[in-house]
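After this come two complexes, each holding subunit A, first together with subunit B and then together with subunit C.
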Partner chain A sequence: MIRERITPFQLGCLCFSFLSGFSTLYLLEAKLLMQDVWIANLTACLFILMLLKMNAYVQNQYPHANMSDIIDIVLGKWLGKLAHAFYLLGMLGLGVLSLRSISVFYTSAILPGTSPNLIMLLVVIVTTYAASLGLSTIARSVLVILPFFVVSIVAIGFFIYQDVEANPFMPQLQHPLPLLLYGSLISFGFPFCKSYVMVFLFSEVTHQKKLFKSCSIAVVFSCAYLLIATYLTIGSLGDNMFKTAMFPFFSSIQLVKFGEYIERIEILIIAIWTIMTMYEIIVLQYVFVQIAGRLFGMKALKPFYLPVGVFFFAVATKSFVNPAELVAYDLKILPVSVNLNAVLVPVCVFVLTLFKKRGGSVQELNHS
Partner chain B sequence: MSRFRRFAALGLLTCMLVGCSPDIREISDIALVMLTAIDYDEQKRDYVFTINCIDASTNDAQNSAKKLEWIASASGKTILEAARNLRSRAGKILVWQHDKFFLIGEGAARNSLYEVVDFLSRNRDIRLSGYLVVSQGTASDLMRIKSETGDLISNETVGRIKNEQLWGKSLSLTIKDVADYYGNPYRGFVTGKLSRSMPVAGDREVLFLSGGSVIHQGKLAGWLPGKDVLAIHLIIKKKYWRELEFPQTVPFRSAKISLLMRVANRSVRMRQTDGQPVFDVRIGLTGTVLTIDKQVNLANPDTLRELELAAGRFIEGELKASLNRFQQQLKIDVVGFSDIARKYHPQAWKRMEKTWSTAIYPTVPVRVHVDVSIPAIGMSKVLGGD
Partner chain C sequence: MIGYFVIAAIAAYGAWHCARLWRRGKLRESVVLGLVSSVVAAYLLPGVRHLPTAESIHAWLYRPLSDYVIEWLNVSTEVNVP
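Moving on, here comes the complex of A and B:
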């Protein structure tokens, strides 16, 4: 199997695209906390940075091993397999969530007559092909797309800002602590916790010492993007309209117009949004195949991409058929369920690695 | 390379698949709805849905004479039913994506505005940047009045909304703002009012977009005259006063001087004096002298400064009178003082919240300060020389 390598910069760009794909689609935590949402976003961001630091530390202890192998080494064969099964389940859940979100958005806002399954099928065809091209191709293509995304969002943001009158993050600290914590959990569940998937790409990065730096910059930029989008959206739509809108950021982008007649700028954003969401699914499919391949001891992974794509599509057609279920999952299940993959396993692996390092077994293993 | 070519060819082929989408509408098959009117018959409990549409294939802004304008009404138990019942008469697929103007009949505005606002904000075809205006009387009747200029009535109506920025005595809110304010129990809002009237030296009634309609507690609460709407225009959101220019005639010495005013800046703040809220409204205006009915030498800096001060005091008086009417006669917070209190004084707002509409807002002191600067006095100094 040819090992593909990416640079830390490419990892950071991939991580940003992965986290920011459609992080601004629902803004659920903002609907809950309104002006205090920045606290939830920053808390979730800091927490994920801490977890990334732990993961980067663990990876640096085993520079030649993939995180899948590290989990097996640290947790043991059977516990490791169990952890991998949970990871696969979590990634499948995230992939299905992305597919359903994109289809719900398209059928609600743009293509009401088109079957959601058809939209998901088209997305899966593209993502399966892209995932099969390999990590370095995916990472290089992100570098092409990201500048368009940045320029479009900056331009749109500038025009939305014209309609922001009063500070939408006022009055501050008006929500009780339990609600702030719950909002932080929602924000952690989506989008920040998704960064645990990136950990499985750490071993493919050329400079292992820059893992944390590149990922943390990406997480901070994702957080900034989310905060800016929330600020602009609440500011331009107003509190009540923000809570009313199904896709608030999209609604605020729809208001951008040049003069009385040049409008529909949102078309550009929809295209870029879709591509970014696709990157999320591409990375998920790629990592899913890598872990599943290791779990089942497969040597050639190439033939595995198509069945995995079909599997993602098949599960997506049967999941979250009702958009309300999707929102309920984001609000009630994901913030809790994600902790197993994003917190519990990484913390266990980190603690055990610390113990093993003190016992000297890590160095022995690396030498062997 | 051959792999890339194969993929590129496949990509090109897939581009043709867009024609298979069930959401495709051929341009020759659609009619663009340009104006929509919604009425409500309280006795029958029916909605009447009226549209003004044009054939998309003849939509040429340069040649309105060739355009086919079709106005039709249908009724139904809900707005959607009424809108769908129109399809039995329409020869084309009706598309709302270019509709910028929604006229709500007085009956609908008084009795069933919730469903109207919900319909407009929920429907994906309708853009939140469209304007919502209330008609004095039945909206469908007003929609059928012929345009004054011979242009399409839709073009004329959108033109009237654009012209609001040039005189200020009418203010049409976007659907987004209406939907945002609608759910706020502490404040009301003012949007455009469309009425019919006989113009000066006219031979038939024409449409006027002038004054405002007051919406409070989810329904139409009354009408406002143009000068009160101008006060709201000056105080509410920046996007409404950013481009505003309005004429203001100021009595100065024994003369009357007309100025064309623009808003340079505006701030509305709340402060607390002895635990009581006080609102400060500060407006900076720049004016251009346009007409003087008697000889006044405005080239003299002292005279000009005197005029600036006189204009500021005069406009302050006008604004105070309007704000007093809102507070004491209308008793509706149409300016949005409650939003400022809630946002910037949350502790005080918690104390005021329950009695805001009944006790606090009608009596809260509002200080108005207007600064006028006149950087231009026009192309002449004094008629006939000084």
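Moving on, here comes the complex of A and C:
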């Protein structure tokens, strides 16, 4: 099997796109914490940086092995298979959430008469094609899209900032510690913990020593984007409108007017959101196929991209039929459910790697 | 309508690639592909309900823990959904 290599810079760009896909769509933790949301976001960001450092350390100990192989080596064959099954379930959950979020957004904000299933099917067709092209193509295409995203968001942020009259993050520390803690959990669950998926791409990076640096910069930029979007949204909409809007950042973008030259600037943002969300599904689909291939001991994976994409679509048609269920899941289940994949398994692997002497099997794997 | 179209497409794709992989001696890949295609078709059949989803499995596994955490922290997780 030909290994596709990507540079640390490409990994960072991919990680940023993956985390920022639609991280600003609901802003649920901000609806709970309002002006204190920055504490939750920063706490979640710091926590995920710590976990990334652990994962990068583990990867550096086994430079030629994929994280799936490392999990198998460290946890053992059957415990490793169980962990992989949970990873697949978690990735399926994230993929379904992304598909449903994009369809909910489209059917409630732009295309109310269109079937959500049709929107999801169109997205899946595109992501399947993209995932089948391979990792290096995906990573290189992100480099094309990302400058467009950055320029658009900076321009729109500048225009929204003109409507912000008072600092929306003041007065601070108005919420009790337990709520801040739970807000941090929500922020950790979505979007930051999604970075555990990127760990499975670590072995494909050319310079292994730069893994943490590239991913941490991406996570910090993702956190900055989230904070800026939240600041601008609360500042321009006001507390009450922010709490009642289904897609607050989108509502704040709709307020932007640029003379008589540019109208409906939110269309631009919809396009960007759609593309970035697609990148999330593309990466999930790609990593899902890779892990499933290792789980079932398969070599020829090319024919599986389409069935896996359609599997995401099929499960999505049966999930979150009501948008309220999706929000309830994001608020209650996701902050707890991600901890197994994003915290427990990586911490176990890290601790066992620290204490485990590198045995013959590891050396054999590194030489192969 | 979309469901029938996707079932037909995945059945044709699954059958074609299963046979192709089988002929090349990749039996494991062929069997897994057949299984995945069948599961996808089952999910998309109209009238088939209550199949497990990632959402339902996660809710079944983690709801007690989630309820415990929310009760322990004594927080309200109500947000407005229009």
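Everything below uses one rule, namely that the second predicted complex is superposed on the first by the 353 of 368 C-alpha atoms of A that agree within 3 Å, B and C clash if a C-alpha of one lies under 4 Å from a C-alpha of the other, contacts with A are read in each partner's own complex, and residues count from 1 in each chain.
What we mean here is this: contacts are C-beta pairs under 8 Å (C-beta built on N, C-alpha and C of every residue); 3 or more make two chains touch, one makes a residue touch a chain.
These numbers come from a predicted model, not from an experiment.
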item	value
First, second, both or neither for A:77, with subunit B first and subunit C second	neither
Contacts of A:304 with subunit B and subunit C, given as first, second, both or neither	second
Touching partner for A:64 - first (subunit B), second (subunit C), both, neither	neither
Which of subunit B and subunit C A:114 touches, first, second, both or neither	first
Which of subunit B and subunit C A:171 touches, first, second, both or neither	first
Contacts of A:244 with subunit B and subunit C, given as first, second, both or neither	both
Partner, of subunit C and subunit B, that touches more residues belonging to subunit A	C
Touched partner set for A:314, first subunit B, second subunit C, both or neither	second
Overlap of subunit C and subunit B interfaces on subunit A (superposed complexes)	244
Subunit A-touching residues of subunit C, taken from the complex the two chains share	2-3, 6, 9-10, 13-14, 17, 20-21, 26, 28-29, 32-33, 36-37, 39-40, 43-44, 49, 51, 53-59, 61-63, 65-66, 69-70, 73-75, 77, 79-82
Subunit B-touching residues of subunit A, taken from the complex the two chains share	108-114, 162-163, 165-167, 170-171, 174, 237-241, 244, 251, 254-255, 257, 260, 263
Residue numbers on subunit B that touch subunit A, as the complex places them	21-23, 100, 121, 124, 127-129, 158, 162, 174, 176-177, 179-184, 237-239, 339-340, 342-346
Sites on subunit A touched by subunit C in the complex	28, 31-32, 89-90, 92-93, 96, 115, 117-118, 121, 178-179, 181-182, 185, 243-246, 292, 296-300, 303-304, 306-308, 310-311, 313-315, 317-320, 323-325, 327, 329, 331-337
